[in-house]
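These notes concern the structure reproduced below.
Note that the chains take the letters A, B, C and D in the order they are written out, and that residue 1 is the start of every chain.
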């Protein structure tokens, strides 16, 4: 079934749902999902509507023409998405490939609604698997500290994002910090997996930190990347119990599973147009 | 904030959300939650709308008058609820009182939107705690097998449900099977907690069954009671890990926590008007 | 079944388990549980042995006489406990009584191997429930900032701990910080429940902090209290998923359930002699 | 660190741990883990001891010679394992390859202590990935109902198990039922992943059954295969929450993740010599 999705946010007011669903009904939409969330603290309304494309009489351009004045009158930010369109995704990876291998298989069996445009890495460990799936590989500068090489690598990724029309960049355990310039220049949002239950254990070696503190639960966090490291809006988190029997290596092993699950879950939510970023939080219509 | 809630289900069709939210908007409703679920298998649409009573110009009677024709034209089953109205709840209990003690405290601190009308039990263990909270206690026939005494007890409960205007009956580890006659005569739906992860381990002594089978997870299930024992629509379930180290007594102990959590959660969902029963399943707008 | 438990830690070396179990066997012990953990990082061995008292030929005094030289030769810290002995527990509470009500019921039905000696509070909300269970209540200074009154309250609790032979103090959402003097003078260890997933959201109003950060999981942490606030050895933690639909009040409600479960779990582990503190971590033989 | 592991079970009696650890100490063993479990219902003692090979003065043959009389005197079943020895594993697969892909990656990065000897399938979908890892592929009869072809396939697998010295067979979503003859002739135990929370939803299409019943939690179960279908000893289980929003396809998707995690976990436990089968239950020293 082909569907269209409208994501929107606007100042809270009476009649938002009635106006937007009324508009869609006028043009023959058959709703399959409708979710509305009013954040009464921030006085903001969020809406996710999904309807069958069959029988709906507006294409993207005519939708824009007809809906823009209505949206403007409500001060609404909105985006329209079609399930027929499979967004292109770029993936960055370092030495550890568990998240990458997991994502590639999920894309391959059609679980994730998009397609991988390229994989770029500052280590070549994952290259053969990427080629097994018939996907393009791009080498990135490997050495930490060489700022010129790093800037050139980032520029190459940005260029690839542009030319391929990439709509999402996924950091699948990419261990270098992206520059503010990359983040502001990239048309595509960037999702990262952090190997701790943020905001606990920010920064490096979180599993070592967790072991030292003697926590009984470890976690992983998928978030949009912003210039404030480890502070971007959180999309998803999950945890696993640990005990004194777990060494740091055990935490790392349990963490790999958490990272795979949490990252792929966040990528699926984003590509299914289920996430709205609002200030430093996310609305996730799951 | 006082709110009103509309729960509805009807054959799937175009324009349901638009018509209902449009109707509400006409009378000044400010929506705080809107959830719509289309079950494409069963071709049924479910809707939960919640709006502020302030500024809404219809009372219950005029709502009925104005909305009934619209609902009828869509073949809609619906109910209207007001957060100001605190539904009365009757609780049945046997010897084990952990679920009861848990529920009474939750009602007392205002966590559950309703009030306890009475507690009835076929053992008197819980009576002092019920009286501590200043609530009426009713003795029920204790002996299994005495059908006349059991029928009289059920009749007494039915009478109490009627006279007190009870809207929900909760079986808080009540270990007798209610008769079909009770279920059909009771105006109030009945929620039960079953001490297993249904449909596994139906019937008696589920923790013993679970231990024998050597499962690594035990669970509890809250469900509406129907004449088919252990087969009613499931409202909520949760589980806990167990190991070979757990004896049957340990399973029972872990089960108590599951039962408390799952039952009180289901009661809260029901009393918040978040559950629609549809055939043998539930739609839970949480 | 009456059992004895030996908890021990010592520098890792060959033959520890053989020597200790050999010693017990000499005196007729029938082991029901044996757990050994070697922390290879810290080169320390931890041991928990539990055996039937029936047939064991040493009482506490003769055990001490016979075992002390062996323990000394291994540099072992050890303690001996008997399941027949029900340790006395003191509980401190403030306004919110959900953890207290939960603990009192668990003690009452025999789930927790100990008995409540007294409950002390700086608010009187919980007093009637304490008296329902026939337990002594003690008033503590309520006002923050009055250091003299606070010191007097702490002194009264210390005195009660001494005279009653209390072996564990539980802070069941007691919202005042105990002085270093209290902690050093108390013969009984102190267990606290912190309403966040430590080390995230230390300090006050953790649910508000969690909401602001937009986390998708909230937690609770039971830990031994040390002079470093929120930094003591963690005994147990658990978490619950949250979403954008959860207001701060919902986080508080979900938190109450986490706090009850995590605190009672930690108290049970401690009273079952399953926890060894070692530096700032715990070994939990569950 | 190279270690040896002793797994044993015997009728419960005094002095088991003392005798066995005393024996090991005599030959210089430095214990790193010791776990003892007494099943008081069945009056059986289970033991898992792990010690460093460095400094231990017995090899496998001399261990057998020295330990057999002691074991015999206690009526003990026992097995000895060395972490240096990497057991060979055969994997059977059908059309769906998610468990296989997951396992192959875990073996490749060294997370699972063993090595894949071959992969056999009754569909060729997974063949390219198996070859990517440089592993042997074997074709099995694909058609259901052709008993002669099926018997020939089973014989080929048995032959391969024999000639390769395979010590574990893993059914990674292999959708044909192995014959009793295969199970009795195979020297290697067989682990299967069942896509439900057994004993709920035995038999075919468990996710459809789960959807029909309206459960709020789905699960997966890893178990040793016996002639009683879906009744073998359970090694591990895990669950995931579902709601009315989840279609059967969503249950299948969530199930894939559960299956991967639960199966790989069970394989790791088995290959780490942490599982003892006892009647129809397992003792899992994790």
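Going forward, contacts are C-beta pairs under 8 Å (C-beta built on N, C-alpha and C of every residue); 3 or more make two chains touch, one makes a residue touch a chain.
All values reported here derive from a predicted model rather than from experimental measurement.
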Where chain C and chain D touch, do the two copies share over half of their residue numbers, giving same, or under half, giving different?
same
Chain separated most widely from chain D, comparing mean CA positions
B
What whole-number Å value describes the gap between the mean CA coordinates of chain C and chain D?
37
Inter-centroid spacing, chain D versus chain B (mean Cα positions, whole Å)
41
Shared-contact residues (touching 2 or more other chains) in chain B:
37, 40, 245, 286
Contact footprint of chain D on chain C as seen in their complex
1, 12, 14-19, 21-22, 24-25, 28-38, 40, 55
Listed in rising order, chain C residues that touch chain B in their complex are 97-98, 101-102, 105, 109, 111, 128-129, 132, 245, 253, 256-257, 261, 286
Considering the complex alone, what residue numbers of chain A touch chain C?
37, 39-41, 46, 197-201, 213-217, 219, 233-239, 243-245, 247, 280-284, 286
